[in-house]
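Same chain, two partners: subunit A is paired with subunit B first, then with subunit C.
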Partner chain A sequence: MIAEKSKQGHSFWVDYFPLILVGVAVLLVCFIIGPQRYYQRVLLLVVLWICICSNFNIISGYGGQIVFGYMLFVGAGGYTSVLLFKFLGVNPWIGMFVGAAVAAFLAFVIGYPTLRLHGHYFAVATVAFPLMAIPIVAQLGWEEVHIPFAGRGIESMQFTDVRYYVLMSAILLVVFLIIVRMIERSRFGYALQALKQNEAAAEGMGIHTHRVKLLAFMLSAFLTGIAGTVYCFSILFLLTTPAAFGLFIIVRILSITIVGGIGTLWGPVIGAVLLVPVGEVLAAEVGDRWPGFQDLIYGVVLLIAVIYLPGGISGKVTEIRRRRKRLASPKVQAIVAPSNPDSPPKRGTPSSFKVGTSLAETRGRDPQGPILKVEGVSKLFGGVRALQNVTIEVPRGKILGVIGPNGAGKTTLFNVMNGYLGPEQGQVFFKGKDVTYLKPHDLCQMGIGRTFQIPQIFSNMTVLENVMIGAFARERNAPRAQAISEEMVQKMGLSHRGQDQAVGLTILETKMLEFSRALATQPELILVDEPMAGLNPEESHHIGEIIQGIAESGITVMVIEHVVQSLVKFADYLVGLDEGRKIAEGSPEEVTSNPHIIEAYLGQKWRRRYAKS
Partner chain B sequence: METFLQLLVSGLLMGVSYGVLAAGLALIFGVIKIVNFAHAAFAVLAMYFPAFWFLEWWGIDPFISSIIALPIFFVVGYGTQRMIIDKVIGTPAAEMSTLIVTMGLSLLIENGILIGWSGAPRIINLPYTLGSFKVGSVLLNQAQTYSFFIALVLIAALFVFLNKTMLGKAIRAVADDPESCAYMGINLRFAYCLAFGVGIAITASGGCLIATYRPFNPFYAETIIVIIFACCILGGVTSVQGALIGGIIIGCIQMLSTMVVAVALQNVAVFLLFVLFLYLKPEGLLGRKGRVV
Partner chain C sequence: MLKVNGISAGYSGLEVLQNVSITLEKGEFVAIVGPNGAGKSTLLKSISGTVRCTSGEIYFMDENIIRMDAHKRTGLGIIQVPEGRRIFPSLTVLENLELGAFRSEARGSIKENLEAVFKLFPILNERKKQMASTFSGGEQQMLAIGRGLMSKPQLLMLDEPSLGLSPKLGDMIFDVIREIQTKLKIAVLLVEQRAVEALELCDRGYILEQGRIVLSSDRASLMGNPIIQKSYLGVV
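Showing the complex of A and B:
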């Protein structure tokens, strides 16, 4: 969806004008309502809930880390500024930022350990914090804090006319929406969405996932801290712990974002416009007889939305639009696809895989010596010795093949080499530097690319966006990263699929996507894990050509492959592994005729037969 | 020393009740692999109905209600799984969706109670609510003592059900490897519904026990849900016996913490411990990775 728009060019107006219109619309409604306090209050609530939900969206929608204890930040912001105002006479405008800073600080303290947890462990862990805050705040004697009315108008953020609050929150809303849109369009935003879909792959693409999550969490909390202050000053006259830290806040946030569409800019806007007025009217109509009826409705809506409308309204709209677009241009695709079947890249031009300025050329390097060295590496899984004292040197600019039967430790070797696993013993040197315990994202930044045995793609992103995630490893600017990616996708013969969701690709296309993405990170060394698994001979041949092309452009390639026959055709050197040990190395001919290798693959009988012949 | 002993015993009595609630949660987590956020809400629902209202209407003792609650809440749990949670399982983001759905469910139950039976705190007032046995210098609350034994029986029954009956074994097998179970002719949906039903039933029963000695209100669930999570995590997340031990530890910590901090902050101590454990030892005190039920 993002790329759909960006395809039409990053027009400032297309991106940001509608956001300003939202603010104008709020003011227009405010003007129409006139001096009726009650309706102004409902409008104000709508705007404030959009603000809070948009901020929630940053970490939980785009980043996918659903913070069930999000009310902590609303309460922290509100309580800080109110207490500062009441007891120290601090101006709420300053208090607002102090509150936001407190919220961001709390996010750091909470997020630093818990963001390493996965899925529901993280969600449940965050719930504990607001529940802790309630008794602590109560114990300090602030269970109920009356907000004194200084009545100094704009100076004390206290207006008698609700319309001023509406104006203020409308401005805030536009600012928040612009921030969210900027994130959406930035490298940071892409990183968030990538790690949401596949954290391991995101690491491999040079994204420091923990840092990105933590930053998003703190930013989100900071902005919500600001919103919390405005919420307390404009809506509440009596600040209580349940009102500031209550579970109902997160249920409302979730209902609004999920109904509208989580992880989209317009989701919170749509959700709040639909739900908040209904909730408020219900509370006003039947709230006396049935207290809690409003929350009951939110609960029901949440249930229905999660079950029947998982993508929310904006998700539904995108889906319909996409379907219509596909219907509108079925012929083009039908003709292009078969006549251009995965369009074999034009080889022969050796530099065909260079992207921008090739790192292999521009970076200071010594052309002598191996680019990567594995020294005496051992890795244990429980009692299983996956790797035992393996030493390998990867010669620069060549294609090194790794062969061995199932369970020989080939993939484990790759995982140790690019940081997914730490070895028990031994060291890994990349360009002479010890990189043994560096993380995948560091190694990607240093110039090691990787494709996976089981393709690790960002399935809900388009092909182009997938490649952009790779390009962002070197290129901070989004339009330039997009240009690089478009070029790469074209070279790999995937341009006709550029705007399609990666989840619908064929196996070959998926592999091509992995190559494009890895090459977009501009590696000096690329680790390719079983690129031919699941492909027919013709497709395998195509992959072989691509690997040769990559090597010709000056990038060192290390390939794991099961099918020795195809590997022999293009590898410069081979290494044979069996049961975690290196059993052979040398030229392809040497290694394939090595009796250990024959035995490992085919058993002793064949070895004897081979020996006779 | 005497206070210490007194608090320790109270914590033990209290903790076993937590253990019952946590056992249900652990069963559900172990088998269906979902975190049931509405778990405590079901327990609170059982405090009102049957425990409180059966006593009000027909004078049925809450301890008898705790047995009556078993079949009622088995049906409730079975239906919840069948009609609501089952629809979300298997979708791409099932882990989060189920958590969100159960959170919505808990809000539904809490506010349903609020609307139907008002928000006033309720207390069951029977001779044993405040009565106590004296053992040496330690006072044992009568209601808590009875609850203690019933809770132990409940957990033992659950243990026997899971280990000795065919249905129980099927549930454990599903917890271990759902895919192979499907190939072995076990109906996964049925097993999930069964596990959820049993988990909710035992929790409801535990709720009735707690109702005999604790005042409660519609939002009591929000106070105890994290406590139950904490028991579960301590006990190894998916282990029923572990949940019991986790419950006892949490109960004791909750009581003993009052020696150091204000009574109102006793839960803060528990929550802190919970977060620490989640971070440092998410597989719990007893749990091994991948251990089931």
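Showing the complex of A and C:
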């Protein structure tokens, strides 16, 4: 399994050289402007806003956790270094890192409890903090802090020539952009983008979502803390609470990132280059007659962008590019997929699903006994007993089917088995180890894969990126993860779709994507929830072959399925549940002729139709 | 009653339906069968108005409704029960049903419609105060169909009502659909993956493949067609 040279591989130069060019461009503009202080200041503001917005992008763009109180970190960084400088004479270069650390610490304190909240609650919760900071700082007597001019040049971060600030912030900008690009290409970045789109699925792919979000939040705050210091020393002479914690900061951040394109590296750059100079010039023209005119502009622009250009300018550009690529010619597809993309995906040999070596190794250690054991598990939802004292052994290397009426507890059983739910009673053992209260991301890394009843794909990522999220569960190295993913995608017959957005897939392709992604986590046991739902008989048959192939490669499969006439063809054993209890187990023939199963689940019609076929 | 005349429709440049024509008489039961991605759901959405057609005509009771907004078509009595049972999870069963009677023509007869729904689905009556989110898949499907019936439809369109249901519950839902058609005299347009059941129930059926109607006939000749037997009925 040697990775061919990666098709979407990003070379160092393509990835990082343009970022250095940005820095060079800034310096070039600086040189052209010459000694005109006013325009240099505008340039400086552009660069600083890109810095702040690009950091904001880490948690809010890539991670999707909008921080409405983001100004807290600008203010925390700035205030810390200014106060240290003014009262204790601490060198601003040291103060800058102290300020950044304070910002990161605040992010930890705020994020630890609130990042557990889902949806918009986190965004709303963060607003409270800068609002609280303003009266606290005022109470301490620091509502207005004059920054003393020591005039020692680089030593006190105070220059009389603005160009030094521009140089300094240009370097900072290049560093920040490089950090963002590195995140984009890393396992961490994939995890962020995955949890943004679907937190439950991300957990199931082995991502510790709370930790990833918290780290991103702290990193973002730390970097902005640095930018905050530079902002205060280079732009402000009088540090005030509204200047450091004011609402205008978040409005600008949102306008710039959304106009440019949130969650993209170039978004903040484009947004700031377009908006900041316009805002500054207008403020200079009409600001004296109409104070706050600039805020008005940003507000209006934000509204327009949200309504007409939700993906921002860079989003629009990629959309156009993608459309053009699609129209270009089918040749693009043919290179990637030698098979005819019109024919139903015929996978290669289903018996070669093995990935890497981890499988064989782990199997060697504990060759006997069931791979997973559920013992006396009970689960309550309010007053409803979803599972009652259920004991199931999953035989290693076999296909175990789970059937039962809707509401019998089948999906709940899966959720208990891979950690989405903790049972009230009973235990779950995986390879002899008690894993009852472990989280989905832990269980995924131990080797339990999962596909979902309603496919949980990351719809705005490409097929290959989706699968890479799975591969990253066990493989930290990005190129190797990509190689595994490409192999999986190819085996599932999706190669020709590798670079397409997952959102445009057909149902069957979506299911294949879920299989590829689950297999890329290199599981020993895979839980498959209703793979045939919404598929016609021919497609269902195909799914059956895939499942058989997976089992033949040595991976144990447990599958919930209502299309029992297909299930009986490939399952080794069946378990029947009803009202949270196990009511039958055994060979498919035994279970489908069990009177209780017929009465509660199959119905007489099914028996008449399929019993003999 | 319904006449779809050569419509084409799609999403962002991608044409899903190409020149599709179907008809449906008053009180008739018509099934649409076809592989995934063929455009079955899109066809239903074009009729209910949630997807715009790029060309063609749709006549409902001799009125061309192709440019009509979706909510107005509901007013005419065209009701779609969407795939995946989109009920309002944080409302009670009763509230869900009452919302179904939102169209003004149906508001006067909420009580009798409720009775009719409860007669079809006694379990909804038993649990009417319960939150819809606590329902199992089968019960949610019953609720979704019940909600559709609350607005006194002339034409009930169902998108994969058996999706995710146990064999027995699926059969039960099909029986109820038949009952809706025969007893309540409502025309039914059914899109379904379980082709065996769908074709057994219908009066007539259409086979939709790659955005085109490739075959249309009455039940008996569809069931007897060897190609259909092989591709859709799983007879090998």
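We adopt the following convention: the second predicted complex is superposed on the first by the 565 of 613 C-alpha atoms of A that agree within 3 Å, B and C clash if a C-alpha of one lies under 4 Å from a C-alpha of the other, contacts with A are read in each partner's own complex, and residues count from 1 in each chain.
Convention: contacts are C-beta pairs under 8 Å (C-beta built on N, C-alpha and C of every residue); 3 or more make two chains touch, one makes a residue touch a chain.
Just so it is clear, the model here is predicted, and its values are computed rather than measured.
Contacts of A:V564 after superposition on the shared chain: subunit C is touched, whereas subunit B is not.
In the overlay built on the shared chain, the residue A:A386 is in contact with neither subunit B nor subunit C. Judged by the touch definition given at the top, the superposed model places A:G292 against subunit B, while subunit C stays out of reach.
In the superposition on chain A, contact of A:V145 is made with neither subunit B nor subunit C.
In the superposed pair of complexes, A:Q453 makes contact with subunit C only, with no contact to subunit B. In the superposed model, A:I507 lies in contact with subunit C only, and not with subunit B. Applying the stated contact rule after C-alpha superposition, one finds that A:N406 touches subunit C and leaves subunit B untouched.
Partner contacting the larger number of subunit A residues, of subunit B and subunit C: B. Shared interface residues of subunit A, touching subunit B in one complex and subunit C in the other, do not exist. Note for the complex: subunit C touches subunit A at residues 13, 35-37, 84, 134-139, 160, 163-172, 193, 195-196, 231-234. Subunit A contributes residues 66, 68, 113-114, 116-117, 119-121, 123-125, 127-129, 131-132, 135-136, 138-139, 247-248, 250-251, 254-255, 258, 290-293, 295-296, 298-300, 302-303, 306-307, 310 to its touches with subunit B in the complex. Subunit A contributes residues 323, 381-382, 384, 403-407, 453-454, 506-508, 530, 533-539, 541, 562, 564-565, 600-603, 605-606, 609 to its touches with subunit C in the complex. The part of subunit B that touches subunit A in the complex is made up of residues 34-35, 84, 87-88, 91, 93, 95-97, 99-101, 103-108, 110-112, 114-115, 119, 218, 222-223, 225-226, 229, 262, 264-265, 267-268, 271-272, 274-275, 278-279, 282.
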